[in-house]
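You will see two complexes here that share chain A, one where it goes with chain B and one where it goes with chain C.
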Partner chain A sequence: MSNLFDLLVAGLATGAIYALVAVGFTLLWQTSQTINFAQGEFVMLPAFLMLAAMHAGAPFWLAIILGILLSMILLGLGFKLLLVDPMMRHGVLPLAIATMALAIGIKEAVKQFFSAEASPFPSIVPTGDVSILGHAVSLQSIGVLVVAILAVLGLTALLNRTSLGHQMQAAAQNPTVARIIGVPVERMILLTFLINAFLVALASLLITPIYLAKFSSGEVLGQAAFIAAIVGGFNQVRGAIAGGLLIGVLDNLAAAYVSTQYRAAVPMIFLIAVILLRPQGLLGRAEERTV
Partner chain B sequence: MKTTILAGALLAFAAATSVHAQAIKLADVAELSGGGATVGTNWKNGIDLAIEEINAKGGVLGRKLEVTHADSQSNPGVARAQVQKALDAEPYVLLGPGYSGSVKVTAPLAAEAGIAQIMGGEAAELTQGGNKFLFRTSFGQQSSMPKVAKYIHDEMKAKTVAVVWVNNDFGRGGRDMVTKELERLGSKVVADLSTEAGQADFAADVGKIKAANPDAVFVYLNEEESARILKELKRQGVNAPLMGETTLIGQKVIELAGDAANGARGHVGLTTDAPVELVKQFREKFSKKYNYVPDHNGLKGYLAVYMVKATTEKMGKVDPKKFADTLHGLTIKAADEPGILMDVTFSDTGDIDRQSFLVEVVEGKQVVKQVLPKVQ
Partner chain C sequence: MNGFGKPLKIALGLAVIAGLIIVPMNFNRYGLFILSQWAVMSIAAMGLNLTLGYAGQVSLAQGAFVGIGAYAAAIMTTHGWPLPAAILVAIALSFAVGWVLGYPALRVQHHYLAFVTLAFSTLAFLVFRNESWLTGGIYGISNIPRPNVFGFATNKPLPFYYVCLGSLAIVSLAVWWLIRSPWGRAFMALRENPLRAQSLGIDTRRYTLMAFAMGSALGGVAGALYAPLTQYIDPVPFNLSLSLDLLMMVIVGGAGFYFGPFLGAMIAVLLPEWLRFTEGYYLMLYAIAVMGLLIWSPTGILGILDRYLAARRTKAASALRAVAKSRLETAQ
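Entry: the complex of A and B
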């Protein structure tokens, strides 16, 4: 039983990170119909930007700020202006393929300019345990969970409680009408790209101390988050959060109770089941499109 | 007519001189990227350092050494293609790969070409198939695992042991050997956990170890995964003593795992912290050249080149066909060839006999606790 509790906590901590990345997937999809297959690499890169800042002599806190800012410039602004805008005119599929190419480009660039080897990365949460309901739970797991939950709550508050959030939602739901009533749609779309970049940088900061900084570490994350976004509902932020947590827990339970070799298969099987039985995702909204 | 004869003689002389001065070509195929990048990079740097030293002192039998490096991407399929390409260029000796799985698929190619292959793999089965061209640079599992099991049983006094291994040729070989030995000695394996190469998340595996509550944990993974599981073991508060091999307490693991590596113990065939003067000198030279402390793979690459030198000098000529025969049964003494660092004997199967060490990580440093002598 204590084993199950540990697995749930560890699964929720990993799932919270998947959720951050999955939320980015849904945001980009809602506002600009972009499926970003480089999302995993977007999580990998900020850690290296922070490491580069530290190698240049910056203290950890400054490296975090610089890393997040640089990520927002490169992975938010740069990504939108240099890749999404020019490719969008050619349709969703060419754009999706372009993001796959971008994923390979980022990986190879990190390998080339940094190293193919893994590097250690400091943790923002100290190591140690606290006792919860008689179980020793690591501070790191709790820290990851708390930061991820705060980020998601902040985002939800921004979307639902502020005028800016309402404008973003309007731009996502019906850009034409939003434009007519005076919402600066283009600026709102750019804002979602910046938010996505912030979320992936945050995910990078949380996951890299555990997974280590390595050029290939985005592959697993990108895949898990993509599955989480589809399972939860690609067009709902709350769906992505639920999907992330669910996949995190499922992955850990599968590794413990099914087998380590098949741990990656279990979320996939779950994904197929969801697509067959509830294509819009667990919390998603059915969309109809004219072809 | 005279002119023709003269020209012919001159040509023959020129050809002979160029053959004499021609460099001895070695081919290296290593894990320069992918999961084994730490292994391959250390191995490659060790080779380059040794070649630089040897060439600076006039080469081998008056000829310089030259090496080409190819990247196996830590993938046996790519390793096979790269080895085939390297063998097509007819090297004197093939160096690498470091991963047992890659060695397994490439060894038949080198054997067929009749080229000796000096590699870094440690899986027991590699030298048990009767391959007459394959040589180790470190202990095979059949030499190291009995020592490991004995230490867990006798010194750690563990009645129950959890065995965590990586699901590839290297991991399976080690797990089979250590499990057999532990059971023979009377220690019970209470958790037998297979993990995947490149695995990032070890929370579930550590959860299982915690549930099994063993007296000791034997960890047999590659370097990066070792670092990740050490961090996770610390995160989940597993306090059972940890025992492993070189891959658990290597320099790269200590760097990656930080504090979490403290207390881990391992049997090490080669370590740069060995209390041996020549090894200390190697460590200084390597650190000066590459700005980091090498792990055992750096030593292996370095030794591989000095094995080539010592064997060639023993033959007195550069003969790729006789190389393997000469190296079988050869004892190289560090007093005669300082580059070999410690006295070593090669068996007829290509296995090595050399002294080894029991190491513990204390405050981020490898500390040699015991020196285990050469078997024969």
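Entry: the complex of A and C
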């Protein structure tokens, strides 16, 4: 059974990272109907921004701050102004295709300007194990879980407890009425893009020490986040969190108990089953507009 | 495309066809390979255009069908079957699988459908990679023979290019006929307004499944040509990015336009090659070009032409109206 416990902890830690990425993904969908196929690359890029800052001589803490700021400027503001704004009114599909092209562009840019090889990345949590209930659990897993949970709690508090969060929800649910009652809808949409950029930068900081910084590492991550978002419910922040944790655990258990060859198949089959049996997601509400 | 005269259109078409036959004659091996690849990808994109552009069903699985066709052809021809038989099997197999994949489309639409087909695409890739008793696993299948057509061996690049081009011509004619038949109109009715189509007595259920099955079958044809073209297949080319590339081809060329897939495949296959002189930057420039194009015209290249022609027609019509109006005024 100790094996199962380890798998669960590791699964929850990766799942928490998936959840961060999936939450950003659903936020973009809710406020601007953007299906961001470059979300995985959005996670990959900040790690390289931080590495670049460190190569330029900045200490690790400064590099983290610079990386997060830069990614909010590039992946938040820049993404919205340059790609989403001109395309938003033309429907979901052309924009989705444009984000696919963006994914290729980001990958190639990193490969060209940085390196095609995987680079090691320092961890914000010291390595080592602690003993919990007689099991050795790596500090890294715990650190990842704690940071991810804090980020998610902070975000939910922002959305549900503050006036700003209520305005954001209003802008997402019904932009027309929100505008009438005086919510600055445009500013709220921009805010969700900035939050998404912050979340992916955070996810990048957490996951890169585990899987190394590589230009192609966004592909798997982006897909996992999609699945998490859909499984949990495309229109719910808490759905995306539950979906992320579930997919992380499922993925780890599948690798151990099903087969390593078909481990990627398990989340996919689960995804198909959820879409066919409960398209609104496990925690989502039915969305009349799309189904 | 009603702005040109009919004779001009026919002349233009003949010139393009003649160009495609004559110009590559002194191309080198690599150039012919790229052009053959363009022909094969045009076939696959045409299939996706049928599903997405005409019937309005999003699919991220076309690459998987290219894979199914390629493996069917590779396995059969390496066991001594002739390529035409393999193509028929590829068509039948991808038609059947495509039909089954169409069932989710009866229940969910848009991004949900996109993700079901995306999941299917990943599952197909895993099967290609892991079932090594059938597909050779990661080592793939090598020494795939090229066919003899009417007694001519097509082992050299140029004859095989003509096989691809000929197949493209046959598929193009079939699709041309299909979208002008009642079937094609039913597909478009499905895209424009499924509810109305149903109330007009169109069996939307059957046509949705058909749109998937037919589009997938063309993916299978493309795959069955891809295998003898490269003469070696492994699972890597048939992963999710092929499906995404094919989707990009259809949208960039212009979804729902007959000539869209040809142009889209040209951009996706040839543009990176033309940009190769920029070395490491070529895919980056390609990505920027695609984004720029979509920002400029979300309906793709043919959307630009369509808008231009529509604007010209409106202008011509309003000129006529102005003339008529002034005549009326002078008559008063």
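Keep this in mind: the second predicted complex is superposed on the first by the 289 of 291 C-alpha atoms of A that agree within 3 Å, B and C clash if a C-alpha of one lies under 4 Å from a C-alpha of the other, contacts with A are read in each partner's own complex, and residues count from 1 in each chain.
Note that a contact is a pair of C-beta atoms (placed from the backbone, for glycine too) under 8 Å apart; a residue touches a chain by one contact, two chains touch by 3 or more.
In this text, all values refer to a predicted model and were calculated from it rather than measured experimentally.
Visitor: Using the overlay on chain A, decide if chain B and chain C clash or can fit next to each other.
Guide: Here chain B and chain C can both sit on chain A without a clash.
Visitor: Now for A:I275: first (chain B), second (chain C), both, or neither, which partner does it touch?
Guide: Once the two structures are laid over each other on A, A:I275 reaches chain C alone.
Visitor: Identify the partner contact of A:S141: answer first if only chain B is touched, second if only chain C is, both if each is, neither if none is.
Guide: first
Visitor: Who does A:V220 touch here: chain B (first), chain C (second), both, or neither?
Guide: Only chain B; A:V220 stays clear of chain C.
Visitor: Of the partners chain B and chain C, which touch A:Q112 in the superposed model: first, second, both, neither?
Guide: Touch status of A:Q112: second partner only.
Visitor: Could you tell me if A:A197 is touching chain B, chain C, both of them or neither one (first, second, both, neither)?
Guide: Neither chain B nor chain C is touched by A:A197.
Visitor: In the overlay of the two complexes, what angle sits at the CA centre of chain A between those of chain B and chain C, given in steps of 10 degrees?
Guide: 70
Visitor: Pick one for A:L245: touches chain B only (first), chain C only (second), both, or neither.
Guide: neither
Visitor: Can A:A255 be said to touch chain B (first), chain C (second), both, or neither?
Guide: A:A255 contacts chain B only, not chain C.
Visitor: Look at A:D6 in the shared chain and tell me whether it touches chain B only, chain C only, both, or neither; answer first, second, both or neither.
Guide: After superposing on A, A:D6 lies in contact with chain B but is clear of chain C.
Visitor: So in the superposed three-chain picture, is A:I68 touching just chain B, just chain C, both, or none of them (first/second/both/neither)?
Guide: After superposition on chain A, A:I68 lies in contact with neither partner.
Visitor: Once both structures are aligned on chain A, how many angstrom separate the closest C-alpha atoms of chain B and chain C?
Guide: Between chain B and chain C, the minimum C-alpha distance equals 6 Å.
Visitor: Can you pull the chain A residues that chain B and chain C both touch?
Guide: 111, 261.
Visitor: What residues on chain B touch chain A, complex-wise?
Guide: Interface residues on the chain B side: 32-34, 37-38, 41, 167, 193-196, 198-201, 203-205, 207-208, 210-211, 224, 227-228, 231-232, 234-237, 252, 255-260.
Visitor: Of all residues in chain C, which touch chain A in the complex?
Guide: 58, 104, 107-112, 114-116, 118-120, 122-123, 126, 129-130, 240, 244, 247-248, 251-252, 255, 280-281, 283-284, 286-288, 290-291, 294-295, 298-299
Visitor: What residues on chain A touch chain C, complex-wise?
Guide: Chain A residues touching chain C: 35, 37, 83, 86-87, 90-98, 100-102, 104-105, 108-109, 111-112, 223, 226-227, 230, 234, 261-262, 264-265, 268-269, 271-272, 275-276, 279, 290-291.
Visitor: Within the complex, which stretch of chain A touches chain B?
Guide: 2-3, 6-7, 10-11, 14, 111, 115-120, 127, 129, 136, 138, 140-141, 209-212, 214, 216-217, 220, 251-256, 259-261, 263
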